[in-house]
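Below are two complexes that have chain A in common, paired first with chain B and then with chain C.
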Partner chain A sequence: MTAQRHDFDAAPFRLEELPWSPRFSLRVRPQNRAALEGALGLTLPARIGERSMTGGTEVLCLGPDEWTVLVPESGRDALVDAGARIYAQTPHSLVEISDREITLRLSGPQALTALTAGCPRDVEALQTGRAARTLFDSATVILWRDGADSFRMDVWRSFLPHVRAILDKVAAELKSGL
Partner chain B sequence: MLLIHCPYCDETLPEAEFAYAGEAHIARPADPSALTDEEWRDFLFIRTNARGPHYERWRHIHGCGRFFNACRDTVSDRFLMTYKAGEERPAHATLEAAE
Partner chain C sequence: MSRYRIPGMGRVDPARTVRFTFDGRSYTGLRGDTVASALLAHGVHLMGRSFKYHRPRGPVTAGSEEPNALIGTSRGPGRFEPNTRATVQELREGLVAESQNKWPSLKFDIGAVNDRAYMLFSAGFYYKTFMWPRSFWDRVYEPFIRAAAGLGKSPTEADPDSYASRNLHTDVLVIGGGAAGLQAALVAAKSGARVVLVDENPEMGGSLLSDPSVRIDGQGAWAWLADRVAQLRAAGVTLMTRTTAIGYYHQNFVGLVERVADHLDRPPQGAPRERMWHVRARQVVLAQGALEKPLVFDGNDRPGVMLAGAAQTYLNRYGVKVGDIAAVVTSHDSAWYAAFDLADAGARVAAIADTRDRVRQDLVDAARRRGIEVLAGHTATATSGRLRVRSVRVNPVRDGKVGPGREIACDVLLICGGWTPSLHLFSHTKGSLAWDADNRTFLPDRTTEACQIAGAGRGLWGYGPVLEDGMRAGLAAAEALGRTGTPAGAGVEGDRPGTGVTQKELPTDRSAGKAKAFVDYQNDVTAKDIRLAVREGMRSIEHVKRYTTNGMATDQGKMSNINGLMIAADALAKEPPQVGLTTFRPPYTPTSFGAFVGYHKGATFELTRRTPIDPWAEAQGAAFEPVSLWRRAWYFPRAGEDMHAAVARECRMTRASAGMFDASTLGKIEVAGPDATEFMNRMYTNPWTKLAPGRCRYGLLLGEDGFIRDDGVIGRLAQDLFHVTTTTGGAARVLNMMEDYLQTEWPDLDVWLTSTTEQWATVAVNGPNARKVLAPLVEGQDLSDEAFPHMSVAQCTVAGFPARLFRISFTGELGFEINVPARHGLALWTAIHAAGQPYDICPYGTETMHVLRAEKGYIIVGQDTDGTVTPQDAGLDWAIGKAKKDFVGKRSLQRPDIVAPNRKQLVGLLTEDGTRLQEGAQIVLDPNQTLPMTMAGHVTSSYDSVALGRPIAMAVIAGGHGRMGETVHIPMPNGTVRATITSTNFYDPAGERLKA
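And then the complex of A and B:
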């Protein structure tokens, strides 16, 4: 007789909703990027997927002319004012999208396994300290890799019940050793 | 699943992140009202329907959001190359070198 061994893990990964914080979508033509960097006091990475941190403000390059800006609540008005002041010289679009997405944090030894349930991309190949806009089972998400087994996932709020339902199901399966 | 190289992200990513957007290098006529009905029909509806290398548009919709062009072999479904929108259509010699 053969017996299959299962490794049971009571807590395969932790899933938590992070508290609300302001979020902006920034779009500017690549030739105006440097001018805007100076005006806003931020570093806008030029390569897609790269991130920068200035003070408490985190910037991620999503496309050739698109960035997402996570700013602490205390710095929001200053950022909007700085954008308004430079607008005439450097045309750009700085739109607040704080209510559009909710951020989940996935951490724990099997966080990577849980993500592979929904992401077609090779999540393991995503380097720590980078991020990518990708797909989680038909929902567009932004996946931030903060550590080897620590991720943040920005999900549009209307897709959140769907994404959570899948992750809860995956957690149940991993707990039972499947 | 097909793997597609996005020329903007410079990464090879799964097809699920992309959307197909029809044949590439079809220029909209500068003055549509000057065209005959036949010319307008050809612009709107008549496509190459190639057997072999086919130039087509794709959009990295669940990624950088950019449209780009690709040359895909319609027989083998292999992507011969992808290049940024606005760039010249690569010659067949370039394609063979890329293979």
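And then the complex of A and C:
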């Protein structure tokens, strides 16, 4: 909007590509969720969009039977092993997708504005500490809100150049102050 | 100061002059002017020529509904825009404007001969004039029509500007920042709702900007306005000016276009020219007001004839007197106030002719006080003047009889035929309209959306009622959101109430058949044209519109629709609602392509997916081709090679020694869970139960109709775990189809699907030396044929990376496909490339892949199949698990048409003379049959084959499997070619090379 104040020297938002880190897609029937939580040592939130943090492991509920698990590299093998041990009693699917997405962090006062250039969802209404599957331009992304001005966006690897190119255009536009 | 500018009036800044040119001549205007107001300040009314008759025209409005004053504007190379409305375009320093539709000049235009020949150009003249002779259409009529048609010049250079887009969610979107909209926005905001208020003008206020004499809450209108805007800001309302709501779509989705930079002298670096806003609002308040209608009479289009409300706007908003001597013809009270404002500002108002016999006494008194002659019960029958109106002829009407005419000299003629509620956005939603028989107008009736309508947009008039109604709409919106609003009244003094009557064309004492009484200025449609259309059989307004082109120009009939309907209804002797109202469609005003394109130009024109190996291919100078959203390396030309030579070399080197190929784009799906095998058995035609872990199988996927949908090699990694590959283009579709079945048909199965397409980068290594290239890089798996035979899969390490290694082939050679986590893809590729140097390993692209697979008769889904090919047709019956009790598509394979003998079947073709056939070429069995010939099928794939030393082709031919050895005929550009039907397995039919 034309009323936006702007510091012409600063970038309108900060964009970082976060380093690689293990990531899994976890699927289990809702009735087996509790059993799996115990076996894997994770908290699996029951509501879509909710997140949990146990130790260094962050879990996001993406569907009634679907979670994304971000695990520190040091805990990766233990998670896989624990999954294998419990599989016979508690069938589930634990698929590594560490290389499928690349995560961007957008931060700064105009990060939210930048996201509204591509996300049809109500980004402002996304609460801090939650996340949502949405689109950025024509790419499917998962958008995490870590603070009022801090977001993470998981983008499928091959879509990343397009998403970054759009964000570059948005940055130039915001920098113009109009 | 220019001649017609009145010091002390208007909202323009007299201290800041702005220079611009119009048709090469320099002018000055003031900051805050539009091009139209600045030219009018210099007494320039002539701004364009009409579309069909090339009649001289000037601005008739002061807003976005302007039909006449369309100009070309420019800001340097590539920044030319035709058909800009001079009444909307704000003045900026150095603006270059030019008139349109004239040659050689605006004042002397050759095309104006059309005006003399107007009898030839009556309604439907296209259909009548250009009917015969038939042969003239292509060579004479169409080129002539195309050359003559169109308004303005299309830009020829690429547009260097950038365009932006945004998504916006809000509780309440108020469209229109006039009296009603301001009130609605404030009440809604004070209830705690998020509110966005938009207006197409550079500032909020709507008609208040043109009515400064009205007093609200004890303040002048403009002071009240400034105060209200400040209150809105304080209440957190997002105010967007220069922003047009162009379309109102389902579920309160509204498109806005914001003009960001066109008004700026020098837009800052990186500023977009326009920005499209996609708004999703819980409540929408439509407060768009009403549009003034012209009166229809002979000569109502000369420069200097303009709507009374427009003259009032030019005077009060821009401080511009539109003429020295005004005459007024009206059927509504509002024009009287315009006349008073002009008279009070020092113009002479010669007379007000009102079509009504009785006019409010206070208006008559106020006119007489100002020395204005009042002519009640009058009609207008003609005007004079060529490039500017010089007089109007008015006649009394008594008992339906038109009396003798009288000329009134004037240099500006103000007309007003009443006001039409702006129903456009409401109509976009398919909200129903109601005919108000008393006021003879359409009003919004039932809405299909969460929408309130306020003010003049629903037929109200006068600031008191409109402000009240805006407040009501704001309260209603708040209430619908579960909030409680507080009434915010506004007391009006010196209000300007008004009523009027709706007219058809005005009565005349002259021949109505010769009157140039314009209904649609932009498309030059006259009242006579509409009556002619009715006489020639048009009964619905939709037909009248198309026959006459009334309302079909870029203003979409904002001024002409209702007048046209009144005339058509009169001609049909029906009530207007029985004749109908044409449909309003988005966009509300003309919208640039750029606004729709947004960021999608240049490098971001379309999303392009790239593999991890793409940078290497680019550095090698590969040619690329788009495959679904991906760009893939097509071939790798060496110095001096064209595509043909490069592909021939890649094929030769791969079959001779080794080739490598980036297969990362293949779709990959992890199918995991205790019921994975059962799921696979149900989805794919093949049997999976007996496939041992560590083995792969070619999988064929059908639709419910039995036709081939997708294929790919599927590896069984463990009892409960399959690595499924799909075609590149099919990845998302196949996963969706699988999920659909899983969630809706088989929710009982314990199996989960995960897309891993982008988790893995995939490199295929093929050729007799493939094993020798790869073996030194592989740890944890013996690559020998005994330990790792064709169609094996293993998890091991390749080049130090954890890998899923497949022994499969899409070339007919010994082949491997290595999947590693995608971040290692490029490193794997370079490691294999280095390891392959002793064997002259050849990176190859998709074209070579296509040739090599065609030499083996391997199909490509979507190229050799087209959604009507069954497994039997494709020669893939072997891939069907005959003992399985069910799979998707199984029952359809028994349908009579599927088992019929003469279906088109996939075969090979070898031409007798060595011609390479065109893909898509049609095939006939007997070239001597009479026309039209029976097509037996068509060519699906065709390549030059190095391995075979001749071109090869695949084709679908009716009953083809039973026609081996027969000759068919294919018409090609240089004559009909003879070809022999063969097997599709052209190369190494015994498959010895796979087993190496």
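Just so we're on the same page, the second predicted complex is superposed on the first by the 169 of 178 C-alpha atoms of A that agree within 3 Å, B and C clash if a C-alpha of one lies under 4 Å from a C-alpha of the other, contacts with A are read in each partner's own complex, and residues count from 1 in each chain.
Keep in mind that, in the parts below, a residue touches a chain if its C-beta (ideal position, glycine included) is under 8 Å from a C-beta of that chain, and two chains touch if they have at least 3 such contacts.
These numbers were taken from a predicted model, which means no experiment stands behind them.
Participant: Given the touch rule stated above, what does A:L42 touch, chain B (first), chain C (second), both, or neither?
Facilitator: So A:L42 meets neither chain B nor chain C here.
Participant: Quick check on the superposed pair: does A:A132 touch chain B, chain C, both, or neither? Answer first, second, both or neither.
Facilitator: first
Participant: Quick one: is A:P120 in contact with chain B, with chain C, with both, or with neither? Answer first, second, both or neither.
Facilitator: both
Participant: Kindly classify A:S25 by the partners it touches after superposition: chain B alone (first), chain C alone (second), both, or neither?
Facilitator: second
Participant: After lining up the shared chain so the two structures overlap, which partner does A:L106 touch, if you call chain B first and chain C second: first, second, both or neither?
Facilitator: After superposition on chain A, A:L106 lies in contact with neither partner.
Participant: Decide which partner touches more residues of chain A, taking chain B and chain C as the two options.
Facilitator: C
Participant: Have a look at where A:I166 lands relative to chain B and chain C in the superposition and call it first, second, both or neither.
Facilitator: second
Participant: Between chain B (first) and chain C (second), which, if any, makes contact with A:G63: first, second, both or neither?
Facilitator: After superposing on A, A:G63 lies in contact with chain B but is clear of chain C.
Participant: Starting from the residues of chain A touching chain B, keep only those that also touch chain C in the other complex, and list them.
Facilitator: Touching chain B in the first complex and chain C in the second, residues 120-121 of chain A appear in both lists.
Participant: Could you pull out which chain B residues touch chain A in their complex?
Facilitator: Touching chain A: residues 1, 8-11, 13-17, 61-66 of chain B.
Participant: In the complex of these two chains, what residues of chain C are touching chain A?
Facilitator: 162, 164-169, 238-241, 260-261, 267-272, 278, 280, 599, 603-604, 607-612, 630, 670, 672-674, 720, 750-752, 754-760, 821-823
Participant: Which of the residues in chain A come into contact with chain B in the complex?
Facilitator: Contacts found on chain A: 48-49, 62-64, 66, 120-121, 132-135, 140.
Participant: Hey, which residues of chain A end up touching chain C in the complex?
Facilitator: These residues of chain A touch chain C: 1-3, 20, 25, 27, 29, 65, 87, 91-93, 95-101, 113, 116-125, 137-139, 156-159, 161-162, 165-166, 169-170, 172-173, 175-178.
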